[in-house]
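There are two complexes below, and they share subunit A, which is joined by subunit B in the first and by subunit C in the second.
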Partner chain A sequence: MRSIDGAILDLKRLDLLATGDSLIHRLDARAKVLTTLVFIISVVSFDRYEFTALFPFFLYPVVTASLANLPGGYIVRKIGLVIPFALVVGVLNPLFDREVLVRLGPLAVTGGWISCASIIIRSVLTVGAAVILVGVTGFLAVCQALEKLGTPRTFTVQLLFLYRYIFVLTEEGARASRARELRSCGRKGLGLASFGSLIGHLLIRTWLRAERIHMAMLARGFTGEFHSRQVSAFGWRELGYVAGWSILFVALRLENGAQWLGRLVTGLLS
Partner chain B sequence: MSHHIVAVKHLQHVYADGTVALQDVNFTIHHGESVAIIGANGAGKSTLLLHLNGYLTPTAGEIRIGDFPLTKQTLPEIRRTVGMVFQDPDDQLFMPTVFDDVAFGPFNLGLPSDEVRQRVREVLEQVGAAHLMEKPPYHLSGGEKKRVAIATVLSMSPDILVMDEPTSGLDPFARRQLIGLLKNFRHTRIFTSHDLDMVLELCERTIILHQGVVKADGPTPEIFGDEALLAQCRLEKPLSMQGCPMCGQGRREQRNAGRKGSGGVNDS
Partner chain C sequence: MHMADALLSPAVGGTMWGVAAGTIAYSSMKVKKELDERKIPLMGVLGAFIFAAQMINFTIPATGSSGHLGGGLLLAILLGPHAAFLTIASVLVVQSLFFADGGILALGCNIFNLGFFPAFIAYPFIYRGIAGGEPGKARLTAAALIAAVAGLQLGAFSVVLETVASGISSLPFSAFVMLMQPIHLAIGIVEGLVTASVVSFVAAARPEIISAAAPGSLAGVPLRNTILAFLVAALLTGGVFSWFASEKPDGLEWAIAGVTGSEEVTGTEDALHTMLASLQEKIALLPGYAFRETGGADDKWAELGHPAMAPEDSGRIGTSMAGAIGAAISLMLAFGIGFALKRQLVGEK
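Coming up: the complex of A and B.
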């Protein structure tokens, strides 16, 4: 549980990065949300066997993260957390899809392996873009931007509460688990029964705590609307940012730009 | 002004599971008063406080804050008037940074951004936490959290300050600082506490809650002088008054003597 606790604290750190000040930070949140959306759609809409054409897309996360002074190691570790999940999704492909697509000398690469690799790269790209978006914008501002872009308020507020709820749940979870560990004196706890009861308690405690937090919000005049200190407008700079990246993404998606790089990579390998 | 009056009449609260937390509570608190609500665990103190800003709805009885009865229509105004500091600051601090947390209330009041900024700075300075402005709340120490929690409430400029066990969980130094801070407020103040020495220092008036009813209500020194009453309500004299036949005299020596051995000499 300790490690989960740590991971969550780390997530809070991500939110904290958003209080930084840089060219990227100062952009209106809507611009960053839109750009991220175009990026994700471009990456996800590729054919399942596409592999090499994905690599130029790394340009976006790398450039954004460095312009915004995000700590690279931290971001990479966050993204690394999703690789196991992507593996679970992709790992069956090599078993079912045995058609050989590429030959690298004696090595025959089947479609399954390619699509598996493609899934992993895509996950890294999309999750990376999302992590960076939160890191340069903050979750609150992302939700506000979604709302300004036309997402229904009930949805964005739910999303925000869900986000907060994750913190509350894991904090309570870490506490409960620590208490259980300490009292089981190094043995394996008191078996499954105590674990079941622990989960039950955990849910109730989380619920009660979430309720107290909600109460504290109401006590301070919360009416279902989140405000932010960043007052920004969608100006020419934002327009340029969205348009510039979008054009690049679409161009890379429509092969031409990607192919020469693809050829270069496969050319080097074979 | 009669604005900052808190009047509780025949308040009863029964929880969903049938627990009668408050039976029949009556009192009136006037403008500028500093009042302690004390009582054993489970006496109903927290339940009572949660009624004061309309979080709980009375099973029976009535609450008036200022000139308004507490109803659904007056709720927003009353929540601005009554600033509530919860027992556990972790419940109160939920934004990514101290600034955002303190600014949460003023933004909800619809204040413009510049004014919010200024107000946040002011209240953080007032509670001695200006240097924590950009820190995440979850990395603060207990005393710092408490002070920020108070700032989040002060930033709404409430007329009435309500605090549930303000000194619980603080080390002696942080407790001292907090008492010093609370002493300087001109608000109407309502505290619950088990820290009777703090009560003695901060509150001229004390209300004892026992099994859901008001058992006593009067000047603090008088209440704490009545040992039979305190014992009946599962309470004890504050340390600074223990073993002292003529309250207040030679407090320090008495306190030290009490600490050393006998654990408090009875004065009867």
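Coming up: the complex of A and C.
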């Protein structure tokens, strides 16, 4: 039960972060969506045995999160939740790919372990980028950016409806579920039969609510379009942001930054 | 069953983004044209309902574990294929942004796997086919069960294909199929039973919702057309994949042969050739992962590893050590810069 309430709180917290005011927050949402896309494509386009070249990419999430003043611990926890799923698939790689690729003294590292490590680093980077995108932009602005970038309006409008009502309906669902749990002794009564009617009731209430909402919106002059008070434009600042990061990502994709840095340092030391 | 960004190559992810975007555009057009505007808020609110429903668990008989509703088939029954597809897609958008289920690049795959199959295959051809107009309880349960199982099997198979085509995971095709299909058989049976129980409850309590909501707007479209469209999509996808996956230097060599009249180029042109070839190798989105014959481990490391990682014969440990040291330093640098920026921001306030 705590998990449902916890999940709602978590969702609210991530969305609240977007109300912050920083250099990054003030950028047009399109710039942030595009930069995130370039970042993710650069990261996942590496070959499966690439490991070290991924590390310089941490620069982007860390710098963005810091500039936007996002709470680091919260972001790390959010990313940490997803790692087990990456591990489930990644950990099978060492079983199937046993060819030794690197020997560090007596330690033989197989291709499977390298690609498994690579999958985990990829997950951290891509999930981090998505969480940070919402944290610095907010869901409404992401939707508006998607619409300006060409997504059909029918889709974005119902996406906004969905987002608005997640909070209302999950709270309602959590109450219903808590009530059922309190009335069932142990495991009894938590089965499929009660679930069907519980969800069915929730569904009927939802349906009637949607009709009422639509009537109310029509009465207030809704024409199938949401208006926003925020005006933002894609200006030079946004162009610089997208271009600057993209050039860096492409450069790091083409040249192994970690290798270069390592050579520089080991060269200086020896 | 969500695909993750980390297992996906840009070619596969990008192709599936294209497929998903096309289907969204088509469905949006259909919804706008065929249905009244009232459906749009309804779709959004039902999407939110799916979230709420997914958070409520039930115990699965005889196993002691608990499950939850997926909702794809339920939405298709309530809204019809096009509106249901859009609603599932928007649920997945929110999941990828807020819960990091899947990921942004994997969104296209997930929308296709979890949205297309229940909405455009399982519902119109299997569920409607078996349930007909006004099904009794047994008939409805059978229809939901078979449709849910079929939808999930197709979706799971599609996950396997996308993962194997991406070539990031080393899981062989057969092992992955043997892993995914039975698990999703079990999930599909549970999903079918749950869907049937919710639909029959609503049908008993508020029959007008079910009868008004299921226009089955694919009904007019014969099966043949859909299969044809599916084939075209498959060919297109295959074509794009193989274009990305084809051996890289072909295009370049062909171009050079055209310019110089022979494939052998000498002198300064040779330097240019190597430079272009290495550049092309670096920007190839899908390195020829599985199609290349590999020699010993050395060759494999040189071929599959990034060119910058490919060692000279000597000093391989040297280069990989440099890589490891560099990785550690870049990580420290990144976090150092972040920390400094944050300190500065706090200082300003």
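Following the convention adopted for this analysis, the second predicted complex is superposed on the first by the 189 of 270 C-alpha atoms of A that agree within 3 Å, B and C clash if a C-alpha of one lies under 4 Å from a C-alpha of the other, contacts with A are read in each partner's own complex, and residues count from 1 in each chain.
Assume a contact is a pair of C-beta atoms (placed from the backbone, for glycine too) under 8 Å apart; a residue touches a chain by one contact, two chains touch by 3 or more.
The structure displayed is predicted, hence computed values, not measured ones.
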Dominant toucher of subunit A (residue count), subunit B or subunit C: C
Touched partner set for A:Arg164, first subunit B, second subunit C, both or neither: both
Touching partner for A:Thr35 - first (subunit B), second (subunit C), both, neither: neither
Subunit B versus subunit C as contact partner of A:Arg122, first or second or both or neither: second
Which of subunit B and subunit C A:Arg209 touches, first, second, both or neither: both
First, second, both or neither for A:Gln144, with subunit B first and subunit C second: neither
Partner chain(s) touched by A:Phe55 [first = subunit B, second = subunit C, both, neither]: second
Partner chain in contact with A:Gly221 - subunit B first, subunit C second, else both or neither: first
First, second, both or neither for A:Ala18, with subunit B first and subunit C second: first
Footprint overlap on subunit A, where subunit B in one structure and subunit C in the other make contact: 164, 209, 213, 217
Subunit C - residues contacting subunit A, complex: 2, 4-10, 13-14, 24-25, 28-29, 31-32, 37-38, 40-49, 51-53, 55-61, 64, 66, 69, 78, 86-87, 89-91, 93-94, 96-98, 100, 103-105, 163, 167-172, 175, 193-194, 197-198, 200-202, 205-206, 209, 279, 282-283, 285, 287, 289, 297, 300-301, 304-306, 308-309, 316-331, 333-335, 337-339, 341-342, 345
Contact footprint of subunit C on subunit A as seen in their complex: 3-4, 7, 11, 14, 22, 36-37, 40-41, 43-56, 58-59, 62-63, 65-67, 69, 72, 78-79, 81-82, 85-86, 89-90, 92-93, 96-97, 99-104, 111-112, 115, 118-120, 122-123, 126-127, 129-131, 133-134, 139, 142, 151-155, 157-166, 168-170, 172-174, 176-177, 187, 190-204, 206-207, 209-211, 213-214, 217, 224, 253-266
Partner subunit A, residues of subunit B touching it in the complex: 50, 53, 55, 76, 79-80, 83-84, 86, 88, 91-92, 94-97, 99-100, 103-105, 107-109, 113, 116-117, 134, 136, 138, 152-153, 156
Contact set on subunit A toward subunit B in their complex: 9, 12, 15-16, 18-19, 138, 140, 164, 209, 212-213, 215-223, 225, 227, 229, 231
